[in-house]
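Pasting in a structure now, in structure tokens, and then I'll have a few things to ask.
Should a chain be cited, it is by its letter among A, B, C, D, E and F, assigned in written order, with residues numbered from 1 in that chain.
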Amino acid sequence: MLSPIIIEDAVKAALKEDLGHGFDITSNVLIPAGQPAKAVLRSREDGVLAGLIVALSTFSLTDIEFDMTVMSEDGAEIKKGDVIAEIIGPARSLLTAERVALNFLSHMSGIASITAKYVEQVKDTGTEICDTRKTLPGLRLFQKYAVEMGGGANHRFGLDDAILIKDNHIAVAGGIKEALDQAHLLAGHTKKIEIEVDTMAQLVDVLENGKADIVMLDNFELDELAKAVEIAKGQIVTEASGGVTLETVRKISETGVDYISVGALTHSVKALDIGLDIET
Amino acid sequence: MLSPIIIEDAVKAALKEDLGHGFDITSNVLIPAGQPAKAVLRSREDGVLAGLIVALSTFSLTDIEFDMTVMSEDGAEIKKGDVIAEIIGPARSLLTAERVALNFLSHMSGIASITAKYVEQVKDTGTEICDTRKTLPGLRLFQKYAVEMGGGANHRFGLDDAILIKDNHIAVAGGIKEALDQAHLLAGHTKKIEIEVDTMAQLVDVLENGKADIVMLDNFELDELAKAVEIAKGQIVTEASGGVTLETVRKISETGVDYISVGALTHSVKALDIGLDIET
Amino acid sequence: MLSPIIIEDAVKAALKEDLGHGFDITSNVLIPAGQPAKAVLRSREDGVLAGLIVALSTFSLTDIEFDMTVMSEDGAEIKKGDVIAEIIGPARSLLTAERVALNFLSHMSGIASITAKYVEQVKDTGTEICDTRKTLPGLRLFQKYAVEMGGGANHRFGLDDAILIKDNHIAVAGGIKEALDQAHLLAGHTKKIEIEVDTMAQLVDVLENGKADIVMLDNFELDELAKAVEIAKGQIVTEASGGVTLETVRKISETGVDYISVGALTHSVKALDIGLDIET
Amino acid sequence: MLSPIIIEDAVKAALKEDLGHGFDITSNVLIPAGQPAKAVLRSREDGVLAGLIVALSTFSLTDIEFDMTVMSEDGAEIKKGDVIAEIIGPARSLLTAERVALNFLSHMSGIASITAKYVEQVKDTGTEICDTRKTLPGLRLFQKYAVEMGGGANHRFGLDDAILIKDNHIAVAGGIKEALDQAHLLAGHTKKIEIEVDTMAQLVDVLENGKADIVMLDNFELDELAKAVEIAKGQIVTEASGGVTLETVRKISETGVDYISVGALTHSVKALDIGLDIET
Amino acid sequence: MLSPIIIEDAVKAALKEDLGHGFDITSNVLIPAGQPAKAVLRSREDGVLAGLIVALSTFSLTDIEFDMTVMSEDGAEIKKGDVIAEIIGPARSLLTAERVALNFLSHMSGIASITAKYVEQVKDTGTEICDTRKTLPGLRLFQKYAVEMGGGANHRFGLDDAILIKDNHIAVAGGIKEALDQAHLLAGHTKKIEIEVDTMAQLVDVLENGKADIVMLDNFELDELAKAVEIAKGQIVTEASGGVTLETVRKISETGVDYISVGALTHSVKALDIGLDIET
Amino acid sequence: MLSPIIIEDAVKAALKEDLGHGFDITSNVLIPAGQPAKAVLRSREDGVLAGLIVALSTFSLTDIEFDMTVMSEDGAEIKKGDVIAEIIGPARSLLTAERVALNFLSHMSGIASITAKYVEQVKDTGTEICDTRKTLPGLRLFQKYAVEMGGGANHRFGLDDAILIKDNHIAVAGGIKEALDQAHLLAGHTKKIEIEVDTMAQLVDVLENGKADIVMLDNFELDELAKAVEIAKGQIVTEASGGVTLETVRKISETGVDYISVGALTHSVKALDIGLDIET
């Protein structure tokens, strides 16, 4: 799903960031140019893999002489100790690319792994877990891809991607009905319209208007949420948001809400511990 | 410390990432072009601020018509509820820039805040907390700046920045003495030389050679670390690394080690909750 | 609606394209550096204006010393001879920027003008005219903005923007039902699903499945189209496409179809003749 | 003639424009990763081909696994129904690249085709048809290449490319003689000097001065043009410009003028209808 | 003559090159953020100034708070000790920008100064000194501008700029006549044609053909050159090239040749010593 | 040592600079597309080679069909007449890439050659020759690499690379002791600290403070330098700078100073004469 021309740009930029003025002084000084090496990417933690193609691109963009064999794939569960890929090539380039490759891979796998835990929590409820625009600058596409690899769904990729009407938009437009009417008139037929509501009364206004495709029920108490979902069912797609955690997500899903959006999937990521072991 | 031309590049890239095909459809459709608005950046959590200038640049690069008043500064402690800055300008641009501004600010402040907690733990021991190259691709400069704002020190910014000899380099070079001799010969006089050791015997070799400026004591047990630091004291700068947590960092610092490097400061960041409240 | 940071990029690129190795040799050689000039942008043809801000940016990015007064605005009807804007500044920079400014303005106004003619044709039918992805490389955002200024609606901005299932996708997926089921399952809740059909039988399949938001009726004969629209009404948004011209568009709209998409709006554009008259 | 590094930049930019946030959601969701496909580029209209290498680069930059066989070449006449090239490769990437490839190819072939019609009109008169700087921002090189493929000649590629003195330059310089003297003094010996004249009297001034290489006879009536060309013959290259159409171009060429420049070749382009037929 | 958008790009790139990972560690660590400073650009050598606007842009792109007063201008003679400009602003930014500003200024002034010496040598002969494409990668425009400031003329700016037929082209084309005929046929009317010859016989072929605008007399002995110029006079522009030095240039110019091209002006540049003196 | 992704960027930029609007008009017009050619890079002067990989990349980035055989390597001595590499491929692309390849190669080899002369002068003294930040904008990495190939050492690559305290920094900080204390406190443990001194008294202050790693003895008279080095020996690395020439460098090195930095290595470079001979 990640396009090669987009991976290439991001990986080259990351390599240049690490190379600074343009070189890996330690490897240049200590590793002879021709020296071969073999290494394996190995997980040091259980989790879900994401970003393998990005990590491998880091090596191939550093040096054309790598041979790589893949033992796993994005979206797969990995266990502590599992070998993910084997990389054979020049030792100098291997050490130069190592950190950038791991930085992508451990961050993306961290996202996939936590997403998978949320998805596991809501198993069999029919609810889907999705991400938000609370992503890290420059990494959104890679983060959202990782959410997908963890079994989650993607919310909007950007401001151009769908209409999402929040409280400030409603205030300026003069009310829920006015905002939805205007959005429906001007949005074009290929854009969905989502609106955020904070109260049951607002939800009723949205349903009466009938022009929204999705309603975001923001920070509803559990019992209120259950009522809201019951009212909305069959008329509109429902999404719960606001302070969702691994502890609370099951109960939220049991209200029957269609989607639960979780900002922490991408704004507060714990890296999955993956290492590169060189076998000289 | 962050240069304006570098902030500008990063912020424009982040805005374009969020704008996708180039526009904020919701604001365009619902907010009249001339509509003014006033908003405040407000913390919803205690922590340490970092990235204010980056966040404010997001607004000024979106629209030249913003007036901004700053109530805090990078490196300052902030409390839940504190107003960080006031922003007056076009409502449409305000809503367009909001998410990118908060994504930078909450990520960078998250780093500063956790760094400050580590620094607080090692208070009065003389030990400094520092970061690593385990950063998120494209964000290294911003992350390392945030570490500094939290009271931490910066380790290498990239592969070109200093010599850091690890086990694989030692193996290829043929031993610690050989690696250090060669590094000293070729590195140039403006680069420091650091070497990673795993055992006391390796430390002794490093000290005997005398050409390293810093020794990284990697994954030493606490008592071994204490012995190592005692031996090394006065001869070389010492740095402890490997699986450091908020729980273990105090004891590590009490060994008298000069620096403790913590990858989690930048690879596993919990965002600080900061919001933008619009006062219409 | 066009973001300043995106206009700036496009205009700078266009200026550099025209400057080649970096200078306007004629103006450098013949116009003294300090020489002032006054010029007006004047239409030489009736039409609808689009791209004024882009054209004016060309001058301000060439030289900071321009004063500009605007007499019209994007989306306004202009008559042959109308003055659109007055520009006062250095003669040298004025002549340097002239061609790029006019290239943007006459192309975008050409699009707005022809769109307005299509929109005029379908007046009072409730049908909307929209664009396609048949745009000129690098100019899509500017072209689609011009369509909007001419009173048209925008279809997808890109491949990421909505699901649009065509015959090849249907063939691979194994049928209309299978394609729509899979798209609905995987698309995420914020993306609309459109599907292209060539026959009435396919339309019936789409309506039975119920998961598409929009049906594109491709190359239907007029009477078939009328039947199709009648069947679909109230269940799905309808869009007619295929070889639409100014001559045929009225009859197509009278079938009651919701949208008519016209590739020629952007792939075969006649520039609107707009000139820069210098008043020395 | 088009350099690979320049094609690559333009095609990658066009692909990214179409991919938006970075992916083709329809193909990702509906086409299995390994699915092969075969397709042909086929003309649906008579014309002259231009841009084949650009179109094919679109596929090869999207995916390295394409095999392509070429049945025609730039500059060749193509008939409705002709197969231009055959493309075998992954169905998903084929559908992703399709629209960008066709957008380049149909635009460039549209230019070559209309140019060829102008060239056909002036057959055997010795007059050449050439383009102008009235091109579409970002596409100039590709448009001018297409003019060449249609049998036309290229005028200046940019402001740095030759001296072209227009009425405003003359006014500032204080007259035709003064402008030409100064241009000749400062232009350097590798730049040609062209000057635009509106009247016979101006032409006489130009010929007397003797320093111009080319005279542009702007908006001359046919009989005046004939007289002008007769006077100028043998002393200077002549170029006619201003509102030239397919209907008027023959008569203009029969005056014996050396070049006729036609802005509409590039500013008002009708795409040539070329399609991609997938044979599953 | 240097366009602001092109200066901005080059200066920002140079600043980023010097900032590496993004900061001036010495100034950040030692200079308080608000500290003001005053400095002067002062020449430490006699010469001709070039690049002042580039140098000053370095300061203004580093920090918006600089006030600058200019005491000289590009193309002016400067004496050892002359103050070129006065710069008042933040000490930290002043020191950050200093080296990049001086690197541009001393290189460009070095070129202008040596060019002026060549020009002085050929005074009153009517011969002009010009540059070549033997420039430093990325700096061509700045170098050629500096040649102009030193009183020299510019040869081709690039491969697209004029036809220059060398021995290898002649060999492939099958002779001088063939090469010139083909170039004349295909070059378009706005491009000049220059041809390089090594012998008198070749010169005669060029003159007989009559289609070249300029002949480059490459590595001719002085007496041969004089004969060649005499033969060519009035029929074609003549240019001498090959191993020209300050010692030989006068005699070469006395042959009456129109232009002498000197690669060393740009490929072997001695910087002019210009310093920044801070007055605290 | 030069990373492929960095070479690629620089070479593509240089090719685009030379191609201007995008093509080599002479070769396009005169060389048939399929024509093969063989050429050799040959030195026309004795010297030291640097930049071979950069020069060869110029050909391979212009056309994928080149076969190249290398007869020398960076850092090797070359004699007048030596063949450096043989290049077989399309004649058109060969001529297009020639100038850019030579511009890199002759500039970089010029630097390596003069560096080697300085290094030869100081033979057996133990002193090393190093470069400065007085480099040409955009070429620093390539210049410093060439210094290394000539046997020199590299000083700082940029402002972020080490602390270098100059007189202005000392003045603002309030003295040598204050500046060094503050730098030591804030620099981080991976950055070296260098300080520039003009007098013996300042040197004593530096030694007393003990926190600097390197002292730059700027513009010391020879006898003073000898005294300074004697005092400093064993306590700090010493570096002499200021107006060093090939004539003076030996005597300076005989003082026992560790490093001599020479700005002219990179700011005033004489190109090494290397040519491309085509054997048709």
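Assume contacts are C-beta pairs under 8 Å (C-beta built on N, C-alpha and C of every residue); 3 or more make two chains touch, one makes a residue touch a chain.
None of these values were measured; they are calculated from a predicted model.
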Worksheet item: Tell me, which chains sit next to both chain C and chain D?
Response: A, B, E, F
Worksheet item: Chains in contact with chain A and with chain D: which ones?
Response: B, C, E, F
Worksheet item: Computing the C-alpha centre of each chain, which chain sits at the greatest distance from chain E?
Response: A
Item to complete: Determine whether chain B and chain F, two copies of the same sequence, contact each other through the same residue numbers or different ones, counting it as same when over half of the numbers at the interface appear on both sides.
Response: same
Discussion item. Centroid from C-alpha atoms only, then distance chain C to chain E, rounded to Å. What do you get?
Written reply: 44
Worksheet, complete the sentence: Chain-centre distance (mean CA atoms) for chain E and chain F, in whole Å, is 22
Discussion item. Between chain D and chain E, what distance separates the C-alpha centroids? Give it in angstrom.
Written reply: 32
Worksheet, complete the sentence: Touching at least 2 other chains, the residues of chain F are 17, 19-24, 28, 96, 140-141, 157-158, 160-162, 191
Discussion item. Please classify the inter-chain touch graph. Allowed labels: line, ring, star, complete, other.
Written reply: complete
Worksheet entry | chain E to chain A touching residues, read off their complex | 17, 20-21
Discussion item. Which stretch or stretches of chain E touch chain B in the complex?
Written reply: 12, 15-16, 19-24, 28, 61-64, 96
Discussion item. Residue numbers of chain A touching chain D in their complex, please.
Written reply: 1-6, 140-141, 157-158, 160-161
Worksheet item: Of all residues in chain A, which touch chain C in the complex?
Response: 128, 130, 153-157, 160-162, 188-192, 194, 213-214, 237, 239, 258-259
Item to complete: Over in the complex, which chain F residues touch chain E? Could you list them?
Response: 10-11, 13-14, 17-32, 35, 37, 91, 95-96, 99-100, 102-104, 106-107, 110, 133-141, 157-166, 168-169, 171-173, 179, 182-183, 186-187, 191, 264, 267-271, 278, 280
